[in-house]
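Here is the structure we will look at, set down as C-alpha cells.
Naming follows writing order (A, B, C and D), and every chain is counted from residue 1.
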Amino acid sequence: MRTAEEYLAKLRGMRRNVHYRGELVDRDHPDIMPGIRVISETFKVDDPALKGLAAATSHLTGETVNRFCHIHCTTDDLLAKQKLTRLLCRRTGGCIQRCMGIDALNALSVVTKLAQDATDIDYHERFNRYLRYFQENDLVGNAAQTDVKGDRSKRPSEQADPDLYVRVVERGRDGIVVRGAKAHNTIGPYCDEIIVLPTRLMTPNDADWSVAFAVPADAEGVHQYIRATHPRPRSFLKAPVAEFGACDSLTVFDDVFVPWERVFLCGETVFAGQLAALFATYHRHSYTGCKAAVSDIVLGAAALVAEYNGVAKAPHVRDKLAELIAVGELVFAAGVAASVTAQPASSGTMVPDIIFTNVGRYHAGVNVMHEFEILIDLAGGLPATLPPEEEWANPESARFLDKYIMRNPSVSAENQHRCFRLLSDLLCSSNSGVMQVAGVHGGGSPIMERIAITSLYDFEEKKALARYLAGITS
Amino acid sequence: MRTAEEYLAKLRGMRRNVHYRGELVDRDHPDIMPGIRVISETFKVDDPALKGLAAATSHLTGETVNRFCHIHCTTDDLLAKQKLTRLLCRRTGGCIQRCMGIDALNALSVVTKLAQDATDIDYHERFNRYLRYFQENDLVGNAAQTDVKGDRSKRPSEQADPDLYVRVVERGRDGIVVRGAKAHNTIGPYCDEIIVLPTRLMTPNDADWSVAFAVPADAEGVHQYIRATHPRPRSFLKAPVAEFGACDSLTVFDDVFVPWERVFLCGETVFAGQLAALFATYHRHSYTGCKAAVSDIVLGAAALVAEYNGVAKAPHVRDKLAELIAVGELVFAAGVAASVTAQPASSGTMVPDIIFTNVGRYHAGVNVMHEFEILIDLAGGLPATLPPEEEWANPESARFLDKYIMRNPSVSAENQHRCFRLLSDLLCSSNSGVMQVAGVHGGGSPIMERIAITSLYDFEEKKALARYLAGITS
Amino acid sequence: MRTAEEYLAKLRGMRRNVHYRGELVDRDHPDIMPGIRVISETFKVDDPALKGLAAATSHLTGETVNRFCHIHCTTDDLLAKQKLTRLLCRRTGGCIQRCMGIDALNALSVVTKLAQDATDIDYHERFNRYLRYFQENDLVGNAAQTDVKGDRSKRPSEQADPDLYVRVVERGRDGIVVRGAKAHNTIGPYCDEIIVLPTRLMTPNDADWSVAFAVPADAEGVHQYIRATHPRPRSFLKAPVAEFGACDSLTVFDDVFVPWERVFLCGETVFAGQLAALFATYHRHSYTGCKAAVSDIVLGAAALVAEYNGVAKAPHVRDKLAELIAVGELVFAAGVAASVTAQPASSGTMVPDIIFTNVGRYHAGVNVMHEFEILIDLAGGLPATLPPEEEWANPESARFLDKYIMRNPSVSAENQHRCFRLLSDLLCSSNSGVMQVAGVHGGGSPIMERIAITSLYDFEEKKALARYLAGITS
Amino acid sequence: MRTAEEYLAKLRGMRRNVHYRGELVDRDHPDIMPGIRVISETFKVDDPALKGLAAATSHLTGETVNRFCHIHCTTDDLLAKQKLTRLLCRRTGGCIQRCMGIDALNALSVVTKLAQDATDIDYHERFNRYLRYFQENDLVGNAAQTDVKGDRSKRPSEQADPDLYVRVVERGRDGIVVRGAKAHNTIGPYCDEIIVLPTRLMTPNDADWSVAFAVPADAEGVHQYIRATHPRPRSFLKAPVAEFGACDSLTVFDDVFVPWERVFLCGETVFAGQLAALFATYHRHSYTGCKAAVSDIVLGAAALVAEYNGVAKAPHVRDKLAELIAVGELVFAAGVAASVTAQPASSGTMVPDIIFTNVGRYHAGVNVMHEFEILIDLAGGLPATLPPEEEWANPESARFLDKYIMRNPSVSAENQHRCFRLLSDLLCSSNSGVMQVAGVHGGGSPIMERIAITSLYDFEEKKALARYLAGITS
C-alpha cells in the first residue's frame, strides 16, 4: 500500500493536462492541494482509530489492500466501508472523494461478470486483471459517469451533436477510440485513473454510447478543465476546516485510445443501464456514510455555537439538535439496513439492498438544505458579517473585535472567533454553496432516487394488501 | 400455546368489570369483538407465512412459546419481532396490540435484574416465575403505563390529589394495595393480564409512585371504562378492514391488592425511571414494525386508487408513492439498524440501540399526517361523500350509483365501490382519527423522542469534532 | 329576505327526491337537520355582529338583499364577503356552505355577459332575470360543478359512457333535456336551487357537455343520493359543535328538462372553460374566509387545551400556536390582497386577483393536515380514548371519570370533559376526516391551484429579470 | 433631491474610519463600490418605471422628497414603499439596503411623539427638525439596532461588561457620550447617517441602555469594521448580478459625543422596547417587498434554466415553479394586507398591521432555504462545477467548453454560459450564503416573529370561540 507521499510524488510526475483559470497547471497547484490533502487521509491505514476498517484482504490475491480498492465480499465489508467513510469525511470536513473508485470497481465487478456470461467476451477476466493492478498499486480512481447530456429530452443517439454523450468513434484490433466529455468529475486532477461508466439506460440505438473503460488520468487526448473549491485562506487562525477542499473536472476525451484490456463494456446496451444503476447504488450506499458525517459536522457546529452563545439548554435549541440527529442517524441506519440485507451477485460481490440504499440517500438529499437552515438559525447573523481575519492582525482593531465578540464569559475571545470563523466557512463561503449542491445532487438527486424506488418497488404486493383489506377478490 | 378459541373462552369466563356506554358489559360485546379478532390473529403460530417468526424458544424452559411471550435473547429475536409485527399489522389493518405485553416483559426482565442486584429483593426471580406462568398459559398482556397525570407541571408527589399517578397506599405482609388510574390502555377489556409500569422519571419524593406489578384484568377493584373504536358496520360488502378494531380503557385501581409475587418494583425510584424509559424503547422498536405496516396499507391503498382512477403512471403520482415508500422503509430500516446493533443487558436480554430506535419512531410520528395527506390527495373527494352502503341495496339506486362510479373501464363497479369504501373507512371514519392520534402519540409523541434523543446522544463527541475542525484546542 | 323558519317551511314542501340509507326521506330528516341549521345561520341578517356584512344592496333592484345573493360590485363587496364567511363559519364550526350559490352567481354574471356579447343569444339578460328572482326570494343555491368524470385520462366526448359528464341530450323549442350526474354536492338536500356549471376546459368536440343552467332542487328527474356528515349525538353535554353538520349529494340528472330561461350556456365550448375557471376563482376566494375560520377553530381549541393542560406558556406550545396563526392569517391576507386588487369584468362584476386568490387557497390546502397535526400534538391522546359520554350518566362511574380527568385544578371536571369532548369531535369523528378531505380538495385541490397559478403567471417577465441579471441580451 | 454622483462625492469627502482587511480604507474602495452601486439606484427618482413610487411629498414641508426619506401618511404610502422596494431589489439582485433609514425614521416619528407626550422632553420636535434636515439633504441612513449582546441569557444591565449593549456613559449640558458596538450594520461604510435604536425590551434597570440617537457615519469615535460581500469579479462576461454587493459593519462607538438635538430617547425604558418593536414592524413590512423580489429572482432563474435545459413543461418542474410563486406572492400579499389595514399612530404616521406584517416576514424566513433548494434542484450540479470564466479566454479551451455546454440547441453557448454563471453566483458564491443568512435572520429571525405574533395575538378571542363551540359557559 502507498503512502500519501508516494501518491503525491506520482501526481507530480504525470503529464500536464489540467487546465485552471485559463492555464495548464501542475497537479500540485496551491488551489489543488486542498483536494490532495483529502485523499492523503485515505492512505493512513495504520491509524489505530481506523483499525479493522481502513484495510481489507483482497479476494483476488489474499493480500492486504486499502479498502478503497476492495471488492465487498461480505455484509461486514459493506458495514466497514460505511463506517470508514463516515470517519474519514469527518476528518476532512466533508466528502472523502475516494469512494468513487471503490463504487465504480464494485459495480464493474458485478456487471462484467454478467456481460461475460451473456457474451463470449472476457470482460470479467479483464476487469479482474485491472483490479489486481489497481490494488497492487493502491490507486486512486475517479468515476466519470455524468455525460454533459446536451438536450435533456433526447437520447444519446438522438442528439444534434453525437459527442454530447461519450461514445466509441473507432474500434480497432488493439482497442477503441472514444470521444466526448464527462462532467462533475470530482478528484479528476488528483486521481491516478479515470474509470468511465455509462450514465443512463440505453436503447438498442445507443450501442456506441454503451461503453465502460479505464484510462490513466493523464492519457493522451484527455483534457481536464477544473474548478477548485478551496477554503478561504487563513492568515494566522489555522484550522483543519481551512486545509481541505476539492476540485471538479470537466473531462474531455478528444479521441482517446483505450486498449481492449481496459475496455469493460462496448456496445452491450442492456448492461450499460445495469452498470449505471449499480454504480448509483454503490455510490448512494457510500452516501449513507459520508452524509452522516456531514450531519455530524453540522450538528457539532450547531451544538458548539449554542454552547458558546449560552443557549444550549433552551428547549427550541434542543429540538433543533434532535432534528439534526434524526436526519443523520436515519440516513446511516438506512445504510446499515442495506448492508445487513445485502445479497451476493453472480460474481460474489455483495450488493446492498437497493430500496434501503435509495431511501437513505433520498432522505439525505431532501434534508440537506433544512440542516443548513437549522445551523443558520442557531448561528445567528454573525457568520455573514464577521470582519475578515486580517482585521485581528491590527492590535488596535483586535482590542475592539475581541471585546465585542465575547458571549459566554467562560469562552475566550479567540475561541469565539474560531467558532464563528468555522461557521462563516461552513455557511458563507463558496464552499458552502458547493456542499449544498453536492448534498442535493451528488450521487443522484432526490428525483433520481424517487425514480429508482418506484421502478423497483413491489407495488403489486402492496396493492394486493389493499385489495385484501377491501375484500376485492377478482 | 393457546388457540384463538381458548383465548375467547377464557375472556368469557372473566369477572364483569368492563363499563361501556354507561353499562357493565360482557367481554364479547359486539363492539369489543373487533379487538378480540385482532388478538386472535396472534394465535395463528402455525401459519406458514409466519414460519420462523410467530414462535420462539423460551430461554427459561426451552419450550416453544408464542413470540409475544418471549424475551429477546439475540439480535435475530429483535429482527423477528419487528418482521412479525409488520406482517400481523397488515392483516388487521393496523395495530396488532399484543406488542405491549412483550415490550413490558422485556423491559421488566432487564430492570428487575438491575433492581435485584442493587437491593436484596428477589425482583428478578419473581419476574421469571411470573414470566414462566405467562409463557405456559400463552397470555395476552396489557401494559398500563400512562398515568392520568393531573397538573402536567407537577410531579406525582406534588399533585393536589395524590391518586393522579398510581401509587402504593398500603404495604402488608402478603402484598401491597394500589390506587389510581391508567389511561389509554389499548387491549384492556380483552387481555388476560394488566402489567403496570411507571410512566416517568421519579425523584426521591416519589417513592410511593415508583411501583410495577401485574394483576389479572378482572382483579377485584379494577374497573375498566372503555371506548370502542370499531369499524363502520357493513351490511353486505364484507371486508377485512371492517372486521377489526380496538378498545382503549381508562383503568381504575380502586384499592387493588397485589401479592408480593406479582410486585416487580416498589419504591426504588431510580429504577422507576429506567423501567419507564426501557419500556418506551422496546415499544418504540415495535413501532418500527407496526408503523411500517401502516405505511404499507396507506401505500397499497394509494397505489390501488391511482390504478382505479387511471393515473398510476402520472409523474406526480409516482413521486407521492415514492414519498410513502421512503417513510415506511426508513422507519423499518431504523428498526433493523437498532436490532443488529443491540446490546445485551445484565439479564441477558437484548436491548435495541436507543438512538436508532428513537429516530425511527420519531420519523414515523412526524410523518403520519403527511402520509394521510398523500392518501387524501390521491383518493380525491369521494371517500368523504360516498353514499352509504345501504343505498346499493335498492336496485333502482344501485343502477345509478354503479353507472356513475365507473372510472377505468377494466375495473368493475363493485370493485370501484369496494376500493372507495375502504378509503372512506381509512380516511373518513372515527377510526381514521384514532389512527392519526395513535400515529402521533402512540408509544411516545415526537416530543418524547426528541427528549430521549437529546438526553442520550453524545453531544460532546460531536462538539469535539467541531472544535477540531475550527482549530480550537483549549 | 327570508327567515330561517320560512326557509325550512319551503324545504318541507318540496318533492321527495332525496335518498338516504336506501330510502326516500323527508328533507327535515334528523340527519339532515344539522346541515339545515348551518344554512339557518345565514338568514340572521339583523345580527348586530354582522352589521355591514350580511346584507347588501342589489345592483339590479336597489333593494336590500342577503349578501349570499349579491353580485360583487366593489372591492369592499369582496372584503365583506370574505369577512362574513369567516364569521359565519366560526359559528357553525366549519363550512357555511351557502358560499357556493354566491360564487356560482358571480361567475355566471361575468361569463353570461361575455357569451352574450360573443353570440346573439341573450344569456346575460336571462341570467339577470334569474338573479332577480333569486334575490327576491332569498334563495339558497347549490353549485353542481364536479362531474363524476369516469376515466380521468379521457375528455367528456371520449368516455365509453357519454353520460359520465353532464350533457345535453335534447334541444327543443322550450328548452333542453340534460343527463348525467354531479358529485360532492354539499347542501344538495337542503338547497332551493341547483346551479349546474361545467367542470373543466372543453374542446370543440365537447359542445354537448358545455352547458350551464339552473333547476329547482326537486325538479322532475333529479335524484339525490346523499351522505350525511352529522356530529356524534350528545345525550346531555349539549354544545354548538354537536349541532351542525353537512350533507353531500350525488345528484343524478335522469333526463331533466330545463326551459331556455334557465339555460346560461349551451354549446359554447370556449366559455365553458372560462366559467369553470371563474367559479373556481370565486370559490377559492371564499376559501380565504372559511379556511381562516377553520384555522381560528383549530387555534382556539389548541390554545384552550394548552391552558387546560397547564402548558400554555411552554415555548414549544407558543411556537406551535404561532404556526397556526401564520397559516390562517396568511390565507386571509391573500384574500384581502386579492380583494383590494380586484378588477371589474365587462359585466361590472369585480373579479378578485387570480394569483393572490390561488396562492391563498393553495396555502390553505397544503397546510390543513399540518394544522390538524399540531392540534393532535397539543391535545395528546385523550381525544382518541375518551370514554363515551353516556358513562358520565352513571354516578358511580362519573365519580371516577371526573376524579381522573382533573388537570389544571382551577378548571372544573365538567369543563375539562367538555374541552376533550370537543377535541374528540374535531379529531376523532367521521366529521374530522371529512374536514380534512374538504380542507385538501374543497374548492380545488392544491394541484389544481398549482395548475391555475402556472397557467396564468407571467413567467416571461420573470425570465426577463433573470436574463437582465445574467447579462443575456439576445 | 441628490443624484448618485452627489452621493458618491459626499462619501469621498468623509473622514476615514472604515477598517477593511486590517487597513483604514477609502469609502470608494473597489470592494465597497458594489454596495454604493446599489444605493445609487435609489436616486433614480425620475425613472419612468418608478413613477408614483420613488418620490413622495413631505408632510413637513410639502416638498418632493425621495421616498426613502418619507414618513408614511396614508395606506397608499405603505403600498408604494412595498412596491418600490420590490422593483429596486430586482434591479440590484437582492437587498436595496436603503430601507433601513426609512424604517428607522418612521419608527422614531411614532415613538418620539409618544415619549414627548409622556414626558416634558421635546423628542418629537427634535426628531422633526432632524427629519427635515434628512429630507432636504436626501440622506442615506443606516439603522444600527442589533447590539453585540454578550451573554444571551443576561439583560444589558446584567452583563459582565456593561458595554456589550450600547449605553450612555455621560450626560452633559450639550449632549451625551455613548459607548458600545452595533453589529450587522449593512450600508455602514456608505451611508451618511447612523441612526441608533435599542434592540430589545428594557427593564427599569436598563435605563442607561435605553437610548436612541443619530450621528454622522464618520463622527469622531465611530469605527467601522467591515466585511464586504462583493460578487465574484467577471473578466469579460459582464452582467448586472456581478455589479452589486453589500458591506456590513461592526460599528464601534468609542465614547462618541451626541448633541441633544440628535438624541431621541434617553433613559425612558418603556419606550425603548416600543421603539425596538416598531422598527422591527416597519422593517418586516419592507421585507414583504424585498423578499418578494428575491423570490422573483429565484423564480426567474429557475424558469430560465428550466427553459435552457429543455424541461420547462415537465410537470414536476411546473410544480416547483408554482411553489416558488406561492412563497413570493403570499409574502407580498401579507404586506398588502398589512398596508390596507394600517392604523395611524398619535403622530399621524401609519403603522402597518402587526400580525399581517409578522406572518409575512415569517413566511419568507421559513421558506428561503426551501426556495434555494428548488433552484438547486432545477439547476442541477453545474453551478457548483462550472470552470472559471478565464478558461473561456483560451480559444482552444473555449472550443471544448462551448461544445459541451450546449443543451437546448436554440440557445447559444454563450447564453448557456451566462445562465449558469448567474446560477453559480446565486448558489455557489460567498454571496449566496450571505443571502441565505440574511433571508433567515435579516429583519428578525422566524423565532422573533413567532414571539411577536404570540405576544400580540388575541388568544382570548380564539379561546372564547373554542369554549362557545364546546358549550363551556363558566
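The rule is short, and it goes like this: a residue touches a chain if its C-beta (ideal position, glycine included) is under 8 Å from a C-beta of that chain, and two chains touch if they have at least 3 such contacts.
Please read these numbers as outputs of a predicted model, since none were measured by experiment.
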| item | value |
| --- | --- |
| Which of A-C and B-C has more C-beta contact pairs | B-C |
| Separation of chain B from chain C, taking each centre as the mean of its C-alpha atoms, in whole Å | 38 |
| Chain centre separation in whole Å, for chain C relative to chain A (CA means) | 51 |
| Residue numbers of chain B (touch at least two other chains) | 316, 319, 447 |
| Overall pattern in which the protein chains touch one another (line/ring/star/complete/other) | complete |
| Contacting residues of chain B [partner chain C, same complex] | 19-23, 146, 148-153, 160-161, 163-164, 181, 183-184, 223, 225-227, 229, 232, 248, 250, 252, 254, 309-311, 316, 369-370, 372-373, 376-377, 379-388, 390-391, 393-394, 397, 400-401, 403-409, 427-430, 432-434, 436-438, 440-442, 445-447 |
| Sites on chain D touched by chain B in the complex | 314-316, 319 |
| Interface residues, chain D side, partner chain C - complex | 90, 93, 237-241, 296-297, 299-301, 303-304, 307, 318-319, 321-323, 325-326, 329-330, 332-334, 336-338, 340-341, 355-356, 359-360, 362-363, 412, 415, 418-419, 421-422, 447, 449-451, 453-454, 457, 459, 462-472, 474 |
